[in-house]
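Think of it as A, B, C and D in the order they're written, each chain with its own count starting at 1.
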Amino acid sequence: MKITLRAFGIAKEICGGSTLELELPEHATAGQLKQLLVLQYPRLGGLTSFLLGVNQEFAAPDTRISPSDELAIIPPVSGG
Amino acid sequence: MKITLRAFGIAKEICGGSTLELELPEHATAGQLKQLLVLQYPRLGGLTSFLLGVNQEFAAPDTRISPSDELAIIPPVSGG
Amino acid sequence: MKIQLKISDTPLDLMACINQVTDPACGGIDVFIGTVRDETQGKPVLRLEFEAYESMALREMQKIAEQTFEHWPVLSIAIHHRTGVLEVGDVAVVIAVGAAHRAAAFEACRYAIDTLKLTVPIWKKEVFEDGEVWVASHP
Amino acid sequence: MKIQLKISDTPLDLMACINQVTDPACGGIDVFIGTVRDETQGKPVLRLEFEAYESMALREMQKIAEQTFEHWPVLSIAIHHRTGVLEVGDVAVVIAVGAAHRAAAFEACRYAIDTLKLTVPIWKKEVFEDGEVWVASHP
């Protein structure tokens, strides 16, 4: 399935843009998507941490991804 | 010696005015002045507590009073 | 180390107090605003009347300000207290503390208001429909 | 229980934020103001750039606000966060909490800013003379 991800902060710089498209196996989980992202953009692996946002919530690793989800790469936050 | 005291808050109401004059023995202490005040204005003794200000500082009981001191009756504070 | 103190019988200006503590080295400002509540222990309050022993109150406020600098890495503090007749919603006290980091600003501001209520010679009378009370005067 | 949240790319209005939490039942308001410092670990900062995942940031801010009501007897909370380019001295965040009594206002406000910094998807880039850094991004 084809998914679209938003990228913020340093993730936007690492991934080269504020949205990216990826091909993902059906029924993939957030954990698998993170692994795929690190393979494709190794600098993501060098961050303190990063999380995935699925429909505007922080996703647990076993969260199933569907093509209609709003997905985002969330590097370490630093607001305030 | 003759002294002048300022009274604030409920002490002003108890003593019937914002300044009062008293006759005090020479070399009297703040503690003695407090005792005299309670004798003269028994309702001061019914307060949660009261302190004396001597030259704009809270006075310890053994502080000596002189006629030139700025003296004040300080009932329980409740600012803020 | 900047200290600014004020006792005033006219309405306090929040922004003027906060502006006293802004500084390029400042990363966090904590501001406490004490306002007149509409009730005390379930009883409607009509108004409050504040009286200050002004010269001594300013000395005690100065001590509190200096203590915050001794105990926390703060850059600036402003303490403004109102006197006179205050209606519900009026501002009785404003304390603003600026620091490089927020923990010091929060802790020093909390210390300042807690200590002000204990040591600064200012008195508050609560006026109810059926009478009035000097707060804290009796056990 | 009143909650007001805002993310804005124009300068924050402190008084507008504080006015959101004033209330006749309110006796104490604590306000935290986060401002842009002129240096980080001794290095001069030219400016900051804030970016937000706005829809999710507002959801996380809503959670924080609701948590303050669960944990403390507070009446109202307003959380305003700035985005875009900020110069030294500019206000990045304002949190105002109103309560009947001051302890709840202080504690809830402190909780709100501490938690915002941990959970709300907003990112800050520090721009120095010789480069720029996304804060907290690397170990």
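Everything below uses one rule, namely that a residue touches a chain if its C-beta (ideal position, glycine included) is under 8 Å from a C-beta of that chain, and two chains touch if they have at least 3 such contacts.
Only a predicted model underlies this, so the values are computations on that prediction, with no experimental measurement involved.
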Handout entry: Shortest chain-hopping distance from chain A out to chain C
Key = 2
Practice task
Quick one: report the Å distance separating chain A from chain D, using the average Cα coordinate of each chain.
Solution key: 26
Completion exercise
chain A to chain B, mean C-alpha position gap in Å, rounds to 72
Fill in the blank from the handout: chain B to chain D, mean C-alpha position gap in Å, rounds to 48
Completion exercise
Contacts with two or more other chains occur in chain C at residues 34, 113
Handout entry: chain A residues counted as touching two or more neighbouring chains
Key = none
Completion exercise
Chain pairs satisfying touch are A-D, B-C, C-D
Completion exercise
Listed in rising order, chain A residues that touch chain D in their complex are 6, 8-10, 12-13, 46-48, 53, 56-57, 72, 74-80
Fill in the blank from the handout: Contacts from chain C onto chain B in the complex sit at residues 34, 50-53, 55-57, 59, 81, 92-93, 113, 116-125, 134-139
Handout entry: Of all residues in chain D, those that touch chain C in their complex
Key = 14-15, 18, 22, 24-39, 88-89, 100, 102, 105-106, 109-110, 113
